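In what comes next, subunit A is part of two complexes: it sits with subunit B in the first one and with subunit C in the second one.
So, the complex of A and B:
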């Protein structure tokens, strides 16, 4: 038995001890049900599940969690600490046993590292990873407790029940992987995939599979999403529904644009074109200011932030698409894909040149137009604008290959008055020949 | 005066209509596309998106009809003749055009003085027309990756993931639009630079007299310039 693991008492005692009323607990169950996309009618079920499977046990182990902080700004932890329902104390103390967290753990140094080690040995824990893994300088770009970050991640993930990547950095490197990515930031999923393929990472009992990975992007990870995912894993005992990028599909299946409170202004064509304008005061749509809501999948408008007070667009800022992420590569991190934030397009990176696709396209189109105008002067100068040049008498290739020529030079060239278009009968007969001809021609 | 005669058989009325549909749809798609990209005209976003999606479906149906009709409708395989065969032959290699690609390029680069002989479509023209349906399918595909009702279908999600997200799909869609813009510029230029007769045929279905070409002997065999000829033949 791991010494650092928390034990639980009966539900009622527990709630009483924490000063949580029964009403408050039911609210918490309601919030969880909504976060999981369940109907409110299922609140009693959630209540029961929590009481039975987690808290209701007389005694027993809570699911241990290791919260690894790699190259991060601690924003995800900070954000998590702001979660409203259940508040962070509830999550940390009642639902999980947070055995290792650099920011939240009371312990520090050797004893905390030992607690982590014991937890990993015992198995059955969740790993939450915050921040990007840095591979630069042979992995020395990120060292914690005198160990390379790359080794820490492999070690912690090898025996985990599931790995939750909190925030865009852990998903695909995030802004730290932005061009030119000197520190070699990489997301956890692509790192483990590559290491496994190279034979330097094996998931214990995985039969050659990676540990289950749940990607929860956004910068920072929305605390409500984190709680929903953790509770989902604990309650149902299995992973939430994941999409092709291992993101919970309930959260990341609709565009921000789809649920945006300013959507009506978009449909009406009412836009903010400049900050400080009348349009901005009226709360018009921020599309023309480069809002990335139409191409960012997240439920920000519904869940919102900071205890559901507000969120970016409601506060008057265009979405900058911080949830855009692609766990398969670091190239599509949200900064490279969305900057400049106030333009409708990202920049194209051609070597060291940065330019807008619209500029490039208009330049190519302009060059084409100029070339056509120049060509038109050429056509005019060569006298081809009134019906083109005179036809060649015979194809050059035919002249060079008389034995395989399709046509010899006619006795009379264009301009002669001889009529050879034939009567309808002759035409039909000739048509037959022509068909036979073209069949032969087709085989060559 | 070196045009081949333009007869209605070269462009049956059904293809004059599909051409009109293509033109209207493309102009509307490009115009509304620019508005959707950046709403430089306020107030019309909802309408622009509706028209954009509507025209996209119309042009796709028109494309399907055009391709199917190519196998059933007969048209003249070359200019200057009223003889017809299956329209699709004009889009496949033809004897009249064999070995003529170099000649056409040289002609347009002013390296060759006389006009190359060929079929109804010159070689670069034919290659372009063959590419247009493929480009239309490509741009429609990227459009469906962006349009919310279809964007979650596995096929479209797969492509979106492959190119690294919606932003990149949008840029591809935008660049493909410019391919069409440049095509329209080039197409309109080449169709009208040697005289407006082809335009009169394509838009108003008006015939134009000129040299007569024989698809059998693959060469110019005379000239049609009389009113009475016209009555006799049509």
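So, the complex of A and C:
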């Protein structure tokens, strides 16, 4: 008898009434089936489901990978499909056995779910998770194959060699965790940590630890980063060095600002104040347009995007800090920390309390900028930027727009002492991270 | 369990009997005469090779789909996240609704912002937006045809038994491009010898027709050619995304299309980067994608029999013309129907005629009793109850709420959105290249003048490739237009608004169809945001009159040989290129939740 969705569904119903999930049933197939008093006809069906492989050989030259899409936009898969170092066909034909991917798999429905089950049962696989986990309505905000996303994640992670969280959503909920977090988005590390503490998740190889988790934020995940994490891990045979937030240290340790090609203009105090302006054509610094490069850790200026043709700042757009993420909480997601993207101040949500210190923000923003400009003049005066970018001693834009010119902002004392300490946002995130660190012990 | 289907299902008159000049299997003709036809429930969950989580639940009677429930399995709540943020932030955040068509969302949002500001973007910005939108269309259509839909028709594992010399001959006679077929065959053999199935795990390549013949009908040589082009297509979709990357900074999720115009400044050094990629794409689509389509389709002529529906089509239109009129866009806006009185002549659209019903969706019945609501007045609130959970082995009950997706309707009628809708509107608006493209393809398939055949799985699938060639050709024109605009000093890219209070709708097209963003802003803060996504139209559940959505209706009548692998149903679903994550979201809430925004000095660093 060929197993069909129809009779499997009936079987599920029977099992459900007995309080047994199909999965557990499959694990103890045979004897239990008899003891449950299932009809004779169903038993060979179940045996067949186990005997018949839909993934081919369980092991071989390729590392099995399960790529789960949760509350995702598929952007991380799309992004991964653009890579050429190596190209995605080489990855899935010659480097990994991508046994489950909702976007790329040839199979669908029951047979695809079966491929995932067989991979999990065989073990030795990597899990890539794309998208946030949704806990809204007791996890019903996300259902796949009639199962809650929360259950799917726990099941797939319990037997995995390592879990790779692709993109900011999987790391901490991403935009979906943006206030008011309507669907109950949460990052994978937070979720598994909490579930383990509550005794409802156990990592099989773990001795009480979580599976190794590698967080690869950015919206979407940069495919160069994903290849570095998946393929290079296979080539080198060990996980990359991770920082205290379980992000690969080599990628996420420096600010975008540190490596920005427009840094010279920043040092000179040469800013773009309006899109489509002469300043923008000259490629001046986008700091005044709200660029979050100074507070976002990533190496975008170096790896760039889409086969290295460009990146955000080169195209003329200020960085919006889409890699800002904190696996310990959903509260520091990049949207809430960085919006409004084109301003130098940001939204703050404290419950229903509504403050409007906009003027203060402008004033303090002005102070910081004035200091920067002073810094730039100083740099120029001391010759440290000699031979650098074009330098306007008297900036044309400032003279035409005295009300908005940075150099003319009122000098107010106080509030400027944070200038060299990194942003409060980053500091808050790092404090959280050190807390998470002491709990987790990180990964090896 | 059987819901009523008030709209009579329209099946195109059987082309298998008239289109005899082309190879076709006898599956259709024999469907009714073969015994052992399955009955019972057939489920595809998850539907693969699409964006998002989609569940297809079908009741099969005597080997034919008799009833169907389509369900979107994810709720995220985009509109709620957008409230009280800045106008421009919406263009950045809302495109995260979909990683396949982020550019379209950015543009619909930016247009809504432009209208709220009361501005018209300058000429340079118009052309730049067209270019990055076109790049995304090419990326999306190429990826969809070769890398997502093709595996319903092409079996790469079968290519192992291809004869390489015959493959070269076939490629030549089909007019499609040659390549290192021997090398690919060796590569596939090494893959097969290893034994791990990778992306072919759980495949449906063993699917059968009702007469027992294989549902995968291509000769091994054509499978090898198509597999080669599967790999080339991966390169080409990446090339298209390079154009998006050059203009937008990165793709997915571009950075430069914002209310007021574009943050991208087309300096001279970028123009050649754009032009030569556009030419490369146009030539590949012309020399590979179109010949492949004409080579593969004849083996699957039976798919012209399935996947049809009422045949009503909406397109808001895409690729802005200098006039900025939706009906004059390069792919024009309009409403058209094969049969519906009043729409057999193409009409301009009217935003006032759009409504949404949530009577079968997971939304709060206390707040929304299912009365269709205009999007600008939307008051729905998400609510999931345990009672909505459908036990395994059962279908949703009569009248039940069974999806997170809503049911949009136009003029209180069911309408399909997407590539086919755009093409039929353009065809009836007499856009010359589209008229020529459709007429030529039908002629090549031996079905000259039979436009009604396009209302089917194969029609929907093939139409996209005609559109791909049109967009690829226009892309080269638009780069040249930009070069001329720069020469003539008419290439400004940004305009500052005088006021930042107002409201407006961005009605545009994603590759998957009609896309609607609406915003109301006060002092540059968003007070209200509403989105209607193309796939919301297509995968919509039943409405208050119990009428199926377009995709549900298209599945009725599909033959099912094996309820575990309903391949014809899967092909019909894929023909819509559904994009589910974006289809499922929420409009203006009435949940009493507040979103407080304060500005503060943090972040000045």
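FYI, the second predicted complex is superposed on the first by the 291 of 444 C-alpha atoms of A that agree within 3 Å, B and C clash if a C-alpha of one lies under 4 Å from a C-alpha of the other, contacts with A are read in each partner's own complex, and residues count from 1 in each chain.
Here, a contact is a pair of C-beta atoms (placed from the backbone, for glycine too) under 8 Å apart; a residue touches a chain by one contact, two chains touch by 3 or more.
Worth saying up front: this structure is predicted, and the values here are computed from it rather than measured.
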Which superposed partner A:338 touches (first subunit B, second subunit C, both, neither) | both
Which partner does A:329 contact after superposing on A: first (subunit B), second (subunit C), both, neither?
-> first
Pick one for A:399: touches subunit B only (first), subunit C only (second), both, or neither.
-> neither
May I ask you to name which of subunit B and subunit C touches more residues of subunit A?
-> C
What is the contact status of A:75 with respect to subunit B (first) and subunit C (second): first, second, both, or neither?
-> second
Check the residue A:110 against both partner chains and state whether it touches subunit B (first), subunit C (second), both, or neither.
-> second
For A:295, is the partner it touches subunit B (first), subunit C (second), both, or none of the two (neither)?
-> both
Pick out the shared contact residues on subunit A: the ones touching subunit B in one complex and subunit C in the other.
-> 292, 294-295, 337-338, 344-346, 348, 357-358, 361, 364-365, 368-369, 415, 418-419
Contact set on subunit C toward subunit A in their complex = 38, 40-53, 55, 73-77, 80-81, 84-86, 88-89, 92-93, 96-100, 102, 122, 143, 147-148, 151, 187, 190-191, 194-205, 230-231, 234-235, 237-238, 241-242, 244-253, 255-256, 258, 260-265, 267, 273, 382-384, 386, 388-393, 492-496, 562-565, 570, 581-582, 586, 589, 593-605
Which of the residues in subunit B end up touching subunit A in this complex?
-> 1-3, 37-39, 41-48, 81-85, 89, 92-96, 98-100, 103, 107-108, 110, 113-117, 148, 152, 157-158, 161, 164-168, 170-171, 174-175, 178, 181-182, 185-186, 189, 193-195, 210-212, 214-225, 229, 233
In the complex, go through subunit A and note every residue touching subunit B.
-> 244-245, 253, 255, 258, 266-271, 287-288, 292, 294-295, 321, 324, 326, 328-329, 331-332, 337-338, 344-346, 348, 357-358, 361, 364-365, 368-369, 372, 375-376, 378-379, 382, 384-398, 406-410, 412-421, 427, 430-431, 433-435, 437-438, 441-442
